[in-house]
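Here you go, one structure.
Chain naming follows the written order as A, B, C, D and E, and within any one chain the residues start at number 1.
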Amino acid sequence: MTKTAFSSLLMAPVNALMRIVDAPLRRLQKATGISGMAAFFLAPNMLIFGIFVLLPLVINFVYSMTGGTAFFLSERSFVGGEQYARLFSCVDYLDPMSCQEDAFWTAVGNTFWFVLLQVSLMILASLVTALILNRGLVARSFWRAVFFFPVLLSPVVVGLIWKWILQRQGLLNYILYQFGAEPYSWLTDRTWTFAATIGVSIWAHMGLYTLILLAGLQAIPKDLYEAAEMDGTRPARVFWRITLPLLAPNLLVVVVLALIKAVQVFDEVYVLTGGGPGTSTLYLTQYIYETGFASALRNPGLAAAASILMGLVLVVLTLLQLGVGRRSENKGKR
Amino acid sequence: GDVRIMWYSDGVEGEVMKDLVDRFMKENPGINVILDNVAYGVVREQLPVQLEAGNGPDIARVAQIKDLSRHWLDLRPLVKDPAYWDENFGAQADWMRPDGSNQISGFMTQITLTGGFANKTLFDQAGVPVPGPDASWEDWAAATKKVKESQQIPYAMAIDRSGHRITAPLLSYGANYIGADDKPAPIDAGAKDYLTKFVGWVEDGTMAKDVWVSAAGTTYRAAADDFINGQLAFYYSGSWQVANLATKIGDNFDWVATGSPCGPAACTGMPGGAALVAIKYTKNPKDVATFMDWFAREEIVKEFSERTLFLPGHKAVVEKGGLSFKSDNEQAKAALTKFVEASKTTSDIALKLPAWRWSDTFYAAIVTRVSQALAGELKIEDAFSRIDADIAQKVKDAGQ
Amino acid sequence: MGEIKLSDVNKSYGSVHVLKDIDLHIEDGEFIVFVGPSGCGKSTLLRTIAGLEKITSGEIKIDGKRVNDVSAADRGLAMVFQSYALYPHMTVRQNLAFGLENSNMPKAEIAERIGEAARMLEIDQYLDRRPGQLSGGQRQRVAIGRAIVRRPTAFLLDEPLSNLDAELRVSTRAELAALHARIGSTMIYVTHDQVEAMTLAHRIVVMRAGKIEQVGTPLDLYNTPANRFVAGFIGAPHMNFLSAQVVEVDPASVTLTIGGSHRLLVPLAGHKLSVGEKLTVGIRPQHITLASDPGSLTVKVRLVEALGSETVIHADLHGEKLLAVVQGQKQITPGDEVHFSVAGAPLHLFDNNGLRIGA
Amino acid sequence: MGEIKLSDVNKSYGSVHVLKDIDLHIEDGEFIVFVGPSGCGKSTLLRTIAGLEKITSGEIKIDGKRVNDVSAADRGLAMVFQSYALYPHMTVRQNLAFGLENSNMPKAEIAERIGEAARMLEIDQYLDRRPGQLSGGQRQRVAIGRAIVRRPTAFLLDEPLSNLDAELRVSTRAELAALHARIGSTMIYVTHDQVEAMTLAHRIVVMRAGKIEQVGTPLDLYNTPANRFVAGFIGAPHMNFLSAQVVEVDPASVTLTIGGSHRLLVPLAGHKLSVGEKLTVGIRPQHITLASDPGSLTVKVRLVEALGSETVIHADLHGEKLLAVVQGQKQITPGDEVHFSVAGAPLHLFDNNGLRIGA
Amino acid sequence: MGAAARFILRRKGGPGGRGWHWTDIVTWVWLIGGLVIMFGPAVWLTFSSFKTPAALNEFPPSILPYVTSQATVEGYDKPLQLYDARMPDGSTRVLAEVRRIGIMAQMVDPKAPGEIIRVNINDRTPVRSVSFATENYTEPFVHFDFLRYLWNSVFVTVVATLITLIVNSMAAFALSKYEFRGRNLAMLIILATLMVPLSVIMVPLYSIISTLGMFNSLWGVILPTVATPTGVFILRQYMLTIPDELIDAARMDKASEWQIYWRIVLPLTAPALAVLAIFSVVWRWNDFLWPLIVLSRRELYTLQVGLSIYSGELNVQWHFILAMTVVTMIPVVLVFIFLQRFITTGIAGTGLK
């Protein structure tokens, strides 16, 4: 009761404001009709979005058609598709080393496997976590915080912590040492390092997706669970036939976001492995970043071209998912 | 008016600088100096972008001084006594001005020199004498290997993962990056010679593998932590590590600076450092010059160096000697003295490289490709040809 | 197989005490109907039997086994929810099949059962639609179908016919009765519909404010309601209650006045009434007839409702409301004075606490 | 103020044609009731009037103004949804206040109107609960309340009483009637309840499969249904339909046989029937009486439903089903043979297309 | 008690019954595992933030921050470090080290400082005790314009989050509850741009910000981030689960579209809004790369940018970075704990039959 009193006090000025806002908006609605209001609701987002996301993207595309080391378009020369041609000049597409931009193709290959494994494992982990957190646990908030905690850390700190854990003189070796194992250089072993980048990025981002799924789980009407219970449904089946389909819209969010974020993996890996050993954890964003910004070998045009290619792949992937998602979305409608 | 300085710190220099700036403002009440402390990453990555856009601070402490030299302000008409500048900072003036000009862009806040550190305690315990000043890289390898075996440490030696660091031994082995027309030359026999050895050492466990292998691209990675923990007998880094080692090693073991090991051609380290430069786009060139003048004064440079444990880039200060570094750590003082001494054996080409436009390109290519070779992704011969190809491509890109 | 026994069941939502000391014994195969005013706890009682709601105290036994801690899924009951609770992402067919698939029934049998239920409920055409594309009544039928196909030991039905039209309601009611006769499962049924309650129930449970007021066969409740509340609740339109005064007592009868002065002689054995005592007389509207002789009750008509086959007359008798249902269509308009006769009508007497006097 | 005119309204959901050529003129202040089988399109029609559903073709006028493109919010109507559609995050009070706040009504008046509606619907105690904490009937009352407080020019009510108990239903019905009488708003009301339809409506609209079958006053529909469908739909239990054959014709009457040989004389002016023709006779169950003389119809009893005040007898007449509603409680059991008399009962004749013969 | 929760919680033997269902075991294994793996490093991080630079680099690493004990010994000006020294006879004594020459240490007994004992350095181990290097925290506060940075961070975070919530929810409302031409196109464009990492469009974005004069302005930090496609996407998907009938009901109640958005849809989207608010706060608070580019003046620094000054070219002062990381984490943890409570049972369905 006091809580609601408090929040209503808090909301009073906001509500008053909204009321004032309402009058002109009603007139607007009269004038434009309901579909006009759709445009109104969309407008602010689209405006900001257009200026700060879309426009830079277009400029970026122009970049990819220019050469030189200068940052600003005015000082760059137009080279047409040359940067793309360079990225694609390979003797054998299956062997990155045969390409002119061998690092690009190595990064593409690495990113592919990373995304595949990271996304699937992370979604699995988030889903399990969300399901478990959705149970009537004692100290719910505490457990939520536990799984969310790493999200609060900046990527640099994440990379650092895990470097300290995994490096030869790190905590992990120390713990293993207590059990009599010899110290091992995890971070110089290609397989382990690759696994570590996956594990660490799951560790760092899982909380976000868990939270989205948790909100989705909570939105499933409880009477459906009651109906399923009356139908004598085993928990596993409830999960597959009720929870999962009804979670589909949120699962779609999670898959799309996780996929995109995975393709863009950078900071924490950069700190943790720097892309090594060799180039085994060199991912696309690091390639783009180094190509575009690392001072000596800078080539913003090439970086832009690579990023456009990366964007294209992502668009295709997302469209595929939305295609799948659309069907399940319609199913979810009550 | 306002003078903004973009400043990054590796250690305590930010605080020293703050002190000095306060003092300056007291003496020059009309000028308001604002110190914007930033990460080195900002200086390296954002500053170039800002500069191209014509933004940026009035003064900056930078390390890529040659690359961005077209953005520096020419202080020659503004400073009180250009002759003083030429006299005392002339040696490095080329590092920070466009080729062929006589511009005064600023001065070095710090000269660095690459060099080695040995864990004397480990040597003592192993009963192996620390190799002398004329010892070659092979000698060091042999000696540290003995230490490694007797003391059960994981690695004998390590070099920071950095093109600049590895260039020092390359030069000692007779490498020359600079071609006839001042363009990059193909990687030569001297360089190949050392790099092949280096790869061999990493493979046989003499050189620490982690440092070079656990990163890709041009990522910088230091091996200081291993040395600090007594896991290395010999560590090749540079003068800037002295303060760091002093605080972190404390009394755990004895360490000494050794200068750079020798090769067939020289016993050279690589010079480098950070400069304080004025920027063209300032609205207050006069105040900027006043500040630069003040800060370049001999006693200020001296004080700054003493308090930060940096090697000064001021000729008079160096020549007069008598720097009393503000440290109660005897080993640190000894090490700094050793570095000052070692600077005398710096080879000509090493002195030229900081002012050469393509050195960063070279460094980047070497680091990238050699670590791939170390990770087993490339054969060392392929690495060499890739290095050449990378550099050639860069030269071509830049021409566009 | 479907015997359910509730002892002393209580249920609270926080401080809201919803079920109070419920004691009820439902025989195997019985058809029980819960009735009671909106919000009296019928749905809650059903949900506690189903196992969807944990009871605060008391005991529930199914077939002699205490099931307080047995989950709903393991109680083997089927339920039709007042809110339908259809699975929105499944077609009607899938909704029906879901419970059957849970018990690994062969496909052919599932299809057969669905077909049968769909025919019975007239939803064959909609089998491939999703609940969102159905009308309210269609949804409700799907909800019923979902329970029916299961053939459980006991059915729990929460107002299963409330959204059906009269025609369909009658036929579905008949189908439910036939189903019950055929498979003999226990059925517990919540309804607001008098006809449903009267025609379907073996026994009716009348609830009020979380308590059971009376349990009995429909005609028991109709003919000898235990108290004024049950009397008023069973039978539509509700029973008329008139305040009365005892003017004469006899061992075998008592004479009362109603409406000020109208005298009624009520045969009543073994009563303890005394002259001057005040009580309430209940008369069902159907038992009042229009009379022409002025000696009967003279009332003023307030409202006339013509239902076609019968006419409901709302009237005033000395400030008390009186309802009469008379056969056929009558030419009476509000404001008229008419005469009611209660001669021969069964009368119900209630004391000041609302309890029935006499058998 | 609340005149609504639908011309040629059609509505399809994809390929499902839900409303077909609806023409309907609702006068200002009229109380119109929509009835029809489940899924026939009542809710959809209501929603198109409300403006919540765009019509596929046709025209809707409110007070003479074409409103096809006027949004629901601007049509000035209020609606009670079949699914309640209460705002789950608001308390009952806030639910009721929401519509009023939207028209910037002073706080005091809002409180007053809410108080009034709450009293009328007996939800005063629940004003601070959220919908999730209410029983089905309580929710429904809130949904009604939300419309009532608005005092709109027209009400649209979609089965507003379906989840209320008989008692409350009667009183709420009376309140709605009183409200209508008081404020005179047009009301459009969907119901499955015969009594509601008959007592509330000025005119009843009978729908089937998206079409309007008949529009008329309750007694019109009851007494002279236009076709067999309406005849069967209005009146509960539904009318009996017996196949009959014409055996004698007369300018003013016709004689038929039903149940094989039982002769009936039906007065019928201006008909075009000829001897031997087959048709259907409709008799309402309430018009059948139990007779003792063997000359009447002899039927076999299949099922007896005792409702207390009346008894429903399901019987077989030469293979045809016959339902009779007789007054009081009878001692008849299934399997008995009884005699029905239809003497004096109003008879309805329908031709082979189901259309009424005669007025 | 959520039925869903109870349902999943159900044990084989029923609630309160004997025996554990396998899901109970999985749950607790997962939770405990999560505690160790998810939270363990964070706890370690917190302890590490109290370590001296030397201790940070130490191997073997310790969980708790230790320092070597010292003792003031008569006759020596400075405090001496204490060691457990193994004596030739095999016994151990606590000795203070006077100095070390090569591999031999000269030590004294603090209680009897007269006699110098020579011990091989391999025969002594430092006496250590837990000690928190609070100077990691206090020093930055002295040199660091903490309050100013805090204010900037709070401003950026709060304003950006509010704008994000409002602007995104408006867009999501339009995209989920209206049918209009171009709806799918808009959704597609929004989604398609989700995939653009900042580092890719940094330079163009930078020129746009410069052109708009938002360089060195907090708005330059705020605006580019607020139209996040992520937010629109999350909110839209959640809003799809709100029954359209509630909106119909509101329209019948004469609510304007704005009222529907504000009074009906927004409250019912609370769980998703809470999720987005948490994300937004975390992201904006931890934002580093972009503010670094836009803000080059000290008085505009956010905490993260301020913090980064400890990363030099050749050295990184991790002890300060860790300490300040811990400090800057506190507000977001609090925000999280506050907001996560809104992620509770969705109620949208309970208004319907």
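Simple rule for what comes next: a residue touches a chain if its C-beta (ideal position, glycine included) is under 8 Å from a C-beta of that chain, and two chains touch if they have at least 3 such contacts.
The chain lineup, named per UniProt: A = Sugar ABC transporter permease; C, D = Sn-glycerol-3-phosphate ABC transporter ATP-binding protein UgpC; E = Carbohydrate ABC transporter permease.
What you are looking at is a predicted structure, and each value in this text was computed from that prediction instead of being measured.
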Which number of steps is the smallest that gets you from chain B over to chain D via touching chains?
2
Just grab the chain with the largest centre-to-centre distance to chain C, centres being mean Cα coordinates.
B
Quick check for you: compute each chain's CA centroid and the global CA centroid, then name the chain with the smallest gap between them.
A
Could you tell me which pair, A-B or D-E, is linked by more C-beta pairs in contact?
A-B
Here the gap between chain C and chain D, centre to centre from mean Cα coordinates and rounded to Å, is 22
Report the inter-chain centroid distance for chain B and chain C in whole angstrom, where each centroid is the mean of the CA atoms.
93
Inter-chain centre distance, chain A versus chain E - centres from mean C-alpha coordinates, in Å:
17
Just the number, please: Cα centre separation of chain A and chain D in whole Å.
57
Multi-chain contacts in chain B, i.e. residues touching at least two other chains, fall at 44, 49, 53, 225, 229, 231
Two or more partner chains touched - positions in chain D:
71, 74, 82-83, 136
Could you check chain A for residues that touch two or more other chains and list them?
29, 34, 71-72, 169, 221, 223, 226, 228-229, 293, 332-334
Could you pull out which chain D residues touch chain C in their complex?
13, 16, 35-39, 42-44, 82-83, 133-138, 140-141, 158-159, 162-170, 192-195, 198-199, 218-219, 222-223, 232-238, 284, 286-287, 305-310, 312, 325, 327, 329
Complex interface listing, chain E residues touching chain A:
1-10, 23, 26-27, 30-31, 34-35, 37-39, 41-42, 44-45, 48, 59-61, 166-168, 170-171, 173-175, 178, 180, 183, 186, 188-197, 199-201, 203-205, 207-208, 223-224, 226-227, 229-230, 232-234, 237-238, 240-241, 243, 256-259, 261-262, 271-272, 274-275, 278-279, 282, 286, 288, 304, 318, 321-322, 325, 329, 332-333, 336-337, 340-341, 343-346, 348-350, 352
In their shared complex, at which residues does chain A touch chain B?
67-72, 75, 77, 79, 97, 102-103, 167-169, 183, 185, 187-188, 190, 193, 270, 273-282, 286-287, 290, 293-297, 299
Interfacial residue positions of chain B with respect to chain A in the complex:
44-45, 48-49, 52-53, 64, 67, 154, 209-210, 213-219, 221, 225-226, 229, 231, 360-361, 363-365, 368, 371-372, 374-378, 386, 390, 394, 397-398, 400
Which positions of chain D touch chain E when the two form their complex?
47, 50-52, 71-74, 76-79, 81-89, 98-99, 102-103, 130-132, 136, 139, 146-147, 150, 156
